[in-house]
Amino acid sequence: MGDMVFYLFALMTVLSGFFVVFSKNIVHAGFSLMFTLFGVAGLFAMLGADFLAITQTMVYIGGVLVLVLFVVMMTRIPAQNLPKSSFNRKIPAGIFSVLIFAIVFKVIGGTEWNVLPVDAPEATISMIGQKLLTEFIFPFEYASIVLLLAMIGAAILIRERKIDDDEEVQS
Amino acid sequence: MFVNITIPNWSDFAHFVPEAIMFGAFLLALMGDVIVRGRKPVVPFLITLLGALAALYYSFASPPVGDAGVLGSLVMIDSFAGFFRIVFSFVAVVTILFSWSSEEIMGSTREHKGEYYALIALMTGGMMVMAEARDLVMLFMSMELVALTSYVMAGYMRNSLRSTEASLKYVIFGAVSSGIMLFGMSLLFGMTGQMTFVGIRDALVANPVNDLSMLVVLIMIMAGFGYKIAMVPFHFWCPDVYEGAPTPVSAFFSVGPKAAGFALMIRFFFTVFQPIVDTIDWPLMIAILSAVTMTYGNIVAVKQTNVKRLLAYSSIAHVGYLLMGFLLLTPGGLQAILFYLLVYAVMNLGAFMFVSAINNSIKSEELSDYAGLGFRAPWASVMMFIFLVSLVGLPPAAGFIGKLYLFTEVLREGWYWLAIVGVLNSVISLFYYMQIARAMYFEKVPEDAPAVKIAPLHYVTMALLAVPTLILGLYWSEFKAIADQAIAGF
Amino acid sequence: MTFVTDSILSWVTFLPLAGALLILLFARKDNIARLIAMGVAVADFILSLHLWFHFDNANAADQFTELVPWLANGKINYSMGLDGVSLLLVLLTTFLGPLVILSTWSAIKHRVAESMAFLLFLQTAMIGTFLARDMLLFYVFWEAMLIPMYFIIGIWGGERRIYAAVKLFIYTMAGSLLMLVAILYMYSQAGTMSLDGFMSLNIPAEQQMWLFLAFTLAFAIKVPLFPFHTWLPDAHVEAPTAGSVILAGILLKMGTYGMLRFSIPLFPSAAIEFGPWFAVLAVIGIIYGALVAMVQKDVKKLVAYSSVSHLGFVVLGLFSLTAAGVAGGIYQMLAHGLSTGALFLLVGVIYERRHTRLISDFGGLAHQMPVYASIFLFVTLASIGLPGLCGFAGEFMVLFGSFSSTLLPHAKLLVILSSTGVILGAIYMLWMYQRVFLGKLANEANQSLKDMSLREIFVLLPILIFIIVLGILPGPFLEKIEPSIDRLLTPVLELRQETPADHHITIPHTNESHDSQTEMEIH
């Protein structure tokens, strides 16, 4: 049963991932991304990482993806104007991808992983909370700085530039 | 429900004085910039300058804690971290001072002048933390903070349409390389079930992993570091970004994040792989990377006509030299790297500063516009000549001593061909560095050459760099001792 | 004065540097810069005379030694010393110093202060190279020579000065970096940078080979030995007179000095094994240099190629590994420094007047400039080794020493070949003299030429005196260097006595080497 569910989620993740990459229609691609993210959330849930699964759903699907779709819809890129990658680029890219896949496959198959015994699922939220405020207090605080920077950086980058842009257009 | 937890020692926060100062300066500078608006961002400048000076003071004053981790063993403040605190706060002081008179930063068309200083302060703090991380979580987060800051700086402080492309390249390459690195880290975690460097090492010694998997993990993690330090083949962003960004920013980029990358790389690889260095082809891999990096950087630099771009490629070549000390992960080699980083910071910053100071007044970075500069701006050119001699690695400048230690270590470890490659590269580098000296001194001053006027502050900062470049070439024992002690603390 | 005499070597070395700084900081006017430079150079010469008079001839070891701990807990020291070989070369340097500065009085007109500073800086580096007894210190001085030379050629040189300066810089730097690798390797073995520490290393023969080659290659480029000589004509032709004089007079001696001081005593077995090859190159250089000099149209280039030929004798003498040959080599170094230095000064005199050096532009100058012509003739005769002048004793001793050498295979053949160099030397020098000075004063531009001024004569007079002194009184000079030469050759001689059997194997055997040798000459 557990295996069945795992394969279901895995298949969903991989297939929709393929679709994201190969779809010509950017809206479709955005929607398939949702399934990819959802599949990953499912895998987290299966591993007993309930907090991660919820976060994945809320942040990525509820937040990031919605924003992506908003942007896609507002910019109205005509479907036929998508940049086409030529055939002779696809071949090396394909070979390279297969090669990387083979290597990673071999590594994952050939390594003895440090596997933990499966315990009964347990709610992890409070545990994570405690860890974050004790053992991981430094990265926790540090993350706030990173987020602050991300916010300020985004604001700086987005803010309209007057003089510089004019010069750039001319040059 | 309640797991067994260790309450952290809150007073441990007291060990982070320099970092706290830099982060505080970042926030205060931002707020100050909003409150006091003027033609020139005096408040952010003063706040960050004083902050960097205070951080420099406390880097000397606050003693390293030693082997034990601070605040739950994710970061560690040992003499190694202390060494890099000194380097970074010094670099910050010089860059902030220099930027104040730089037209490229403070020119009338430029916006967000206040944020510039704030971001420098933030990045300095982030680099310090990079040198302290001893856990995969902190490794990644500290690298991301520095990377994000540099994206922002490269992104909005740009001079042309071309540099827009450069900054985009920067972001995309950065994202890919940190993704690869993250994947490698997750594999490593899967193999060992550990997050701290020490834990990973113990697990790897206890249960060796097969060679192929180890190699793949190594390469993946190396990709992340390689991007940070601009090592071939992860260097593509480097010349474009350095050329596109204002020169003081390029100067800061070429020294700060690079040294921070090396710091983290040294701590990570030395802790994790030092005991098992013989089981993998580590020395050969590093030797090839080092040889390729220095040769590529030098050969491409020869063809450059833009001085800034030339220096960008030469900074890639210097990464190649630095990697020579990484061969066998011996303390001697790492000490040589640390010392060279110190020297490199001083001399490379100086060379970039000169380019910027000249650009201020003649609005050009082209080699052909440097004709006769030695007589148009004698004192500045003399200092530039000192930096160039040092970058080549000629006595009696500091660069010679830095290379001396690196080559000695390579020879001690028996990698003769690498030493020969390094030496031949020095000859190539001599050629293009001397192109600059040649333009400055041997070519006639053109009739219509604009007058060169160099801001007093620029003289001060360049002298602040030129004097150590000479002193470190003649008497370096004390500084080498600091570098040695930093590694001994491992 | 004891504070000077206690550390006399440092005073002699760094006095010019102090003068250079003084000029850069305070000399605003050209003539003041010249006067300061002149004063400093003369003072340095007087100081160095102290060395001559207080030198203990019987003592083979380094004298006037200074040792100050410098770095790395005594592994690297500021260590200076002086033996007979260094003594003569230092004196040659300090002797030529003031003359060179005097010769620039009218030749260098722009950026005078800088030129004086560079000349003095160069002098410090050269003296330091001869005196350093710590390998790092030696290397620092060795490389420090390049920078002022680069500027002297690059700023005050002729038309293609930039090309010549860059070529000189890169050639010599490439060689010396290989030497640096060898030094660092030995440092990692010995754990000290002191020359004595290096001497006491017992290096296995196969490693000696690589180290010897690395060192000797660096020196061979500096000498310059055929086929590493291509930078020399460019540098000489483009350099200003002062630069040429220093280049020919002293800088080239750095290479041969380095072979004698480092290559031979540090790596005796490699010196026995590979020395003959360098001797063969030297002989090729002697003949090649002479032949190429013969066809030159430019007087300065002719003198430059004659240097290749003369320095070949020095190298041949050194690698004969006999006391007489080495002594002759050193003597030839001094003689060449004087006579070629004088020749470059003389070429400078005419170049300053006519701004050309082509032989075809002259002819019959003896009518117009009798003093100049007679001095030139005198120096020419010294250069070709007329008995009684300085060039003779050195060449003779080299040939004599090589002839009797037991370590040099085919010594007799080499000597015979190289003595053709002497004959060729006489031919090209006298032929050049004939074309420039004898015959009719054909070129109209030459008819208003003025003879040498008093200052120009005064520059050359001391050199002329010493050309004679060295020619008739070699004794006082040779007795200073003989004990030192014995000491430098000791490792080689010891090795030969210890393993007479090995020695036969290590040197190339008769037939083989004969073939390869003739092969190389054909190339």
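Letters A, B and C name the chains as they come in the text, with residue numbers starting at 1 for each one.
As a convention for this text, a residue touches a chain if its C-beta (ideal position, glycine included) is under 8 Å from a C-beta of that chain, and two chains touch if they have at least 3 such contacts.
Quantities reported herein were computed from a predicted structural model and do not represent experimental measurements.
Engineer: Please identify the chain with the largest separation between its CA centroid and the CA centroid of chain C.
Structural biologist: Chain A.
Engineer: Using mean Cα positions, find the chain sitting nearest the overall protein centre.
Structural biologist: Centre-most chain by C-alpha means: B.
Engineer: Which integer distance in Å separates the CA centroid of chain B from that of chain C?
Structural biologist: 44
Engineer: Chain A to chain B: how many Å between their CA centres?
Structural biologist: 30
Engineer: Give, as an integer number of Å, the spacing between the C-alpha centres of chain C and chain A.
Structural biologist: The mean C-alpha positions of chain A and chain C differ by 71 Å.
Engineer: Where in chain C do residues touch at least two different other chains?
Structural biologist: Not one residue of chain C touches more than one other chain, so the list is empty.
Engineer: Would you please write down the residue numbers of chain B that are in contact with two or more other chains?
Structural biologist: Where chain B is concerned, no single residue meets two or more other chains.
Engineer: Where on chain A is chain B touching in the complex?
Structural biologist: Going through chain A, the ones touching chain B are 103-104, 106-108, 110-114, 116, 126-127, 130-131, 134-139, 142-143, 145-146, 149-150, 152-153, 156-157, 159, 161-164, 167-168, 171.
Engineer: Which chain C residues qualify as touching chain B in the complex?
Structural biologist: Contact set of chain C toward chain B: 70-72, 111, 136, 139-140, 143-144, 146-147, 150-151, 154-155, 161-162, 165-166, 169-170, 173-174, 177-178, 180-181, 184-185, 187-188.
Engineer: Chain C touches which residues of chain B in the complex?
Structural biologist: 375, 389, 394-396, 400, 404, 407-408, 411-412, 416, 419-420, 423-424, 426-427, 430-431, 434, 438, 441-443, 475-477, 480
Engineer: Could you please specify the touching residues of chain B with respect to chain A in the complex?
Structural biologist: Of all residues in chain B, those touching chain A are 1-3, 5-8, 23, 30, 70-72, 74-75, 109-112, 115, 122, 125, 129, 137-138, 141-142, 144-145, 148-149, 151-152, 155-156, 158, 160-161, 164, 187, 190-193, 203, 207, 209-210, 212-213, 216-217.
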